[in-house]
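In the two complexes below, subunit A is the common chain; its partner is subunit B in one and subunit C in the other.
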Partner chain A sequence: MNRSVDVAIVGAGPAGICAAIETARRGARVLVIDENHTPGGQLFKQIHKFFGSARHRAGVRGIEIGRELVDSAVKAGAEFLTDSAALGVFPGPRLAVNVGNEEAIAVSAKRILLATGATENAVSFPGWTLPGVMGAGAAQTMLNVNRVLPGNRILMIGSGNVGLVVSYQLLQGGAAVLAVIEAAPRVGGYAVHANKIARAGVEILTSHVVTEARGVDRVTSAQVAKVDDRWTPIKGTEREFEVDAICIATGLNAMTELARMAGCRIVHLRELGGYTPWHDRRMCTSLPEIYVAGDAAGVEEASSAMEKGRIAGISILEDLGFIAPCDAQTERDDLWKSLEALRQGPFGNTVRRGYDRLFGDESRCSSCTSAHRGEDFMVGSAPRKAPGYPSDTRLAKGPVAVIECTQEIPCNPCESACARHAITVGDPITSLPRLDEDKCNGCGRCIAYCSGLAIITIDAAYSDTEALMGFPYEFLPCPNKGDEVSLVDRLGKPIARGRVMRVTKPMDGTRVVYAVAPKELIHDIRGIKWQAGGESQ
Partner chain B sequence: MSDSKESCLVCRCEELTEDEIRQAIREGCTTLTAIKRRTRAGMGLCQGRTCQRLILAILAQETGQDVAELVPDTSRFPVRPIRAELVGDLRDGEDS
Partner chain C sequence: MRVPDHPILGSAPAAEKVVIEVDGRKIEAIRGEPIAAALMANGILVNRYTAKRREPRGVFCGIGRCTDCMMIVNGIPNTRTCITAVEEGMVIQTQRGKGDVR
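Moving on, here comes the complex of A and B:
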């Protein structure tokens, strides 16, 4: 049965749903089409806490955000057509949709929003088509949606945030991640994400590539080699890893098939993942009836996808006469401010440059070079000079928070977590958290709020020889009071033994484990390692 | 391929190797669309979602162009698989 609506949205991810909320709550007839069984896009795979500010739902796990968004969209009156793939765009505009493999329908719409997201970049090396070699996003779907571990001994290719976050989640799922292989000379993603897996003992090999995956019916081993500054593998540096899965996290590119079929102008912006439908600040493509949002309008992440979806929704409402142009502009300005806040800081450089090129504001690019990305960041390095690191004098006095947050990333949940206002991020939200060490009483409330798990507490006055240290812990099973655990350094190396004194109830999935540690090692111990039923190694 | 190492698969849906893509380019296929017509690369189940970037990189390397200068290939209905009998529904729908 054919349909006619005001707005047809392709893709029920964060961008599509946010656009649906904006348009449906103002009375537009909205149909959201998605090929997956449930709406939410990648949000339901994101079991980690988001970065950003309160407005961007920082500190909240993606799955929670997904649930809230779908609820709001349904309440606003948007209709979802799931298990339904949009097959093509035709003049009208009209969409051809395969509804549940039972029926093909045409959907006529006054405006079409393409929020189709992005697809994972492939890398080709001998053996990359063997079963067991898969996209990191695919592995994440198996793990977090279908609850199937993609392998037990896994190698991750790519150290961007996707590679780092999925590695952590694979560890949480019970797999061993043997190493993260990064061709570039440095880690691509956030230091806090890299530190999380480094503490769990995952090796991060920069300037390395996988040269070959081997196996008969499926992958059983991988050869890794160091590369020179021209990305050529260096003979004699090969290492063999016995694996049953290799995950590829080498970036994403926008899904542009529908935009290309519709005849939208396509531009190539390397900074945004490659081919991207040209669009203006209203998210309108070169065709006035077709809009684009989310990663389909340039690869970023979920929080910015939501804002891009809202902008598109507002612009469509404006087009259709649901809101006045001046009101639309006010709302868009506000959303743009929020979007720009997310793109602040050194990690936003690339994306900012991409959009400056798209919108023809290349003069703005000069501002990109000044920002500090934590160039000196090395996995496992001790950030004693970070503004969240208390002084030795303060440490000696008793319980205090230690914030190892060293990169200007857009994130500030720690600021609002502290009831005593001892942590300040301020504006911009990419500023490093500053600890007011006299206000901090080491209560540990901030530990579970930090999306990067970069905060611990230390009570160096616990006894003459011991300190009491509080660590975030997100693995199961969790040790109990009285258990003996390994105390590990920033690279996951056990350097002492400790006893668990207290374990908090989970705060949104994150527990704080307090363990006694040798006082002389408080600057080195950064985590615990524990296995149920005694330690095997 | 007399050499010991087999050439890497690039388009897995249509089972095309890197050597075959390079060969097509050397024989004059200097756009994605031309490579597609000549070899069927990107015409399988995934419709080029996986291989397009890999082929672009090879094409840029072979022709000495910047990837950004290369034009994407044409995208055609249906972008996802559909049972042939259902396509008829759509035709009826469009007529009414």
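Moving on, here comes the complex of A and C:
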């Protein structure tokens, strides 16, 4: 049966749902179309805690945010049409929709919002089409949504945040991640994400590529080689890995099919993933009736997708007369401020440059050319000079937090986690967390709030020879009081044995394991390794 | 391999087990899960063979974009198994080539 609505939204991911909430709660008739069985887009596979500020739902896991957003949209009165693929956009504007693979309908709308998201890039090498070689997102879906482990011995290609986060999640699912292979000379994603997997013993091989995947009906091995500064494999550096899966995390690109079909102007912006529908700051494309939001309007991440969806929603309401232009502008300005906060800092450079080019603000680009990503981050290095690292004098006095956060990333849940206000991030939210070591009593509350799991506690006054250290722990099985565990350094190398004294109840999935450690190693021990049966790996 | 316990997601919710047939072999699956997930959980990775070079293909994108996981489901070829839900008694075949559409 054909439908007629005020707003038709294609894509029920973070951008589409946020636009639906904004428009439906102010009285517009909203239909959200998605080809998946349930709304939420890719949020349901994002089981890690988000970055950003409280406004961006920092510290909350993506899966939780997905549930909340869908609830709000339904409460606001938005209607969802799932199991339904939008096949095309036609003048009117109208959408052709394949409902449940049974019926084709036309949806007429006053405004159409394309929030179709992005798709993963592939890299090709001999053998890349073998079963077992898959996108990191596919592996993440299999594991976190369908609860099926895509492999037991996995190689990850790409050290951007997706590659690092999915590697960690594969470990949480029980797989062995043998290495992360990165062609560039340095890690692409956040240091805190890299450190999490490094502590778990995953090797990050920078300046390396996979030269070949081998196998008959499925991948069984991979050859990896070091590359020179022109990314050419160096003979004699080849290494063989026995694997049953290879995951590819080499970026994403916007899904532009519907925008192209509608006749929207498409521009190429390398910084935003490639071809992207041109749009203005209102999220309106070159066609006044078609809007775009989320990754479909330039690849970023879920937090920015939500803000872009809200901006599009406000603009559509303005077009349709639901809100006055001046009010719409005020709301948009506020949302833009929030969006720009997420794009601050060195990791936002590329995206900022992309949008400056899109909006014709090329003059601003000069301000963001220096790609400084914090003090020459090396996986495994000890950030003794970081403003969150307490002094030796303070460490000697008793329990205190140690914050190993060394890059200007947009994130501040640690600040509000501390009841004693001992941690300050301030404005901008990319500032490094500063520890007021006199206010901090080492209670450890901040440990589970840190989305990057970059905080531990140390009580160096525990005894004459021992310190009590508290570590975040998100694996199964979890050790119990009295168990003996391996204490590992920042690269996951066991350097001492320790006894577990206390394990906290999980705070949103994160436990804190307190273990006794040799006092002379407090600057080196950064995690624990434990296997059921008391035997450490 | 299925993941019954997970540090963040907890224990797997109670699921309705059903039996599906893959190339004549009966396997256990969970109603509503993508066919591709059921196959992967049973160690089946090849979904089809390409038309020209007869090369094996398996799940690549997992979100219905790439078409690598297409199989013949209840007689219908080119079915994207990563976004098609399992139903009791489904008959699934490895697809060779393009599949006959009548």
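Following the convention adopted for this analysis, the second predicted complex is superposed on the first by the 530 of 537 C-alpha atoms of A that agree within 3 Å, B and C clash if a C-alpha of one lies under 4 Å from a C-alpha of the other, contacts with A are read in each partner's own complex, and residues count from 1 in each chain.
The definition used in the following text is that contacts are C-beta pairs under 8 Å (C-beta built on N, C-alpha and C of every residue); 3 or more make two chains touch, one makes a residue touch a chain.
Owing to the predicted nature of the structure, the values given are computational and were not obtained by experimental measurement.
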Which superposed partner A:105 touches (first subunit B, second subunit C, both, neither): first
Touching partner for A:79 - first (subunit B), second (subunit C), both, neither: neither
Touching partner for A:119 - first (subunit B), second (subunit C), both, neither: both
Touched partner set for A:261, first subunit B, second subunit C, both or neither: first
Touching partner for A:253 - first (subunit B), second (subunit C), both, neither: first
Which of subunit B and subunit C A:68 touches, first, second, both or neither: neither
Touching partner for A:142 - first (subunit B), second (subunit C), both, neither: second
Partner chain(s) touched by A:334 [first = subunit B, second = subunit C, both, neither]: neither
Subunit B versus subunit C as contact partner of A:270, first or second or both or neither: first
Contacts on subunit A seen with subunit B and repeated with subunit C across the two complexes: 35, 119, 122, 129, 255
Parts of subunit C lying in touch with subunit A, wherever the complex brings them together: 1-9, 12, 32-34, 36-37, 40-41, 45-47, 55-65, 68, 82-83, 85
Residue numbers on subunit A that touch subunit C, as the complex places them: 35-37, 42, 47, 61, 63, 119-120, 122, 129-135, 137-139, 141-144, 146-150, 152, 172-174, 217-218, 255, 474-476, 478, 509
Subunit A partner contacts - residues on subunit B that touch it in the complex: 5-6, 8-10, 12, 18, 47, 49-51, 53-54, 56, 67-70, 72, 74-80, 82-83, 86-87, 89-90, 93-94, 96
Complex interface listing, subunit A residues touching subunit B: 1-2, 35, 85-88, 90, 94, 96, 98, 101-106, 119, 121-126, 128-129, 253, 255-258, 260-261, 266, 268-270, 274-275
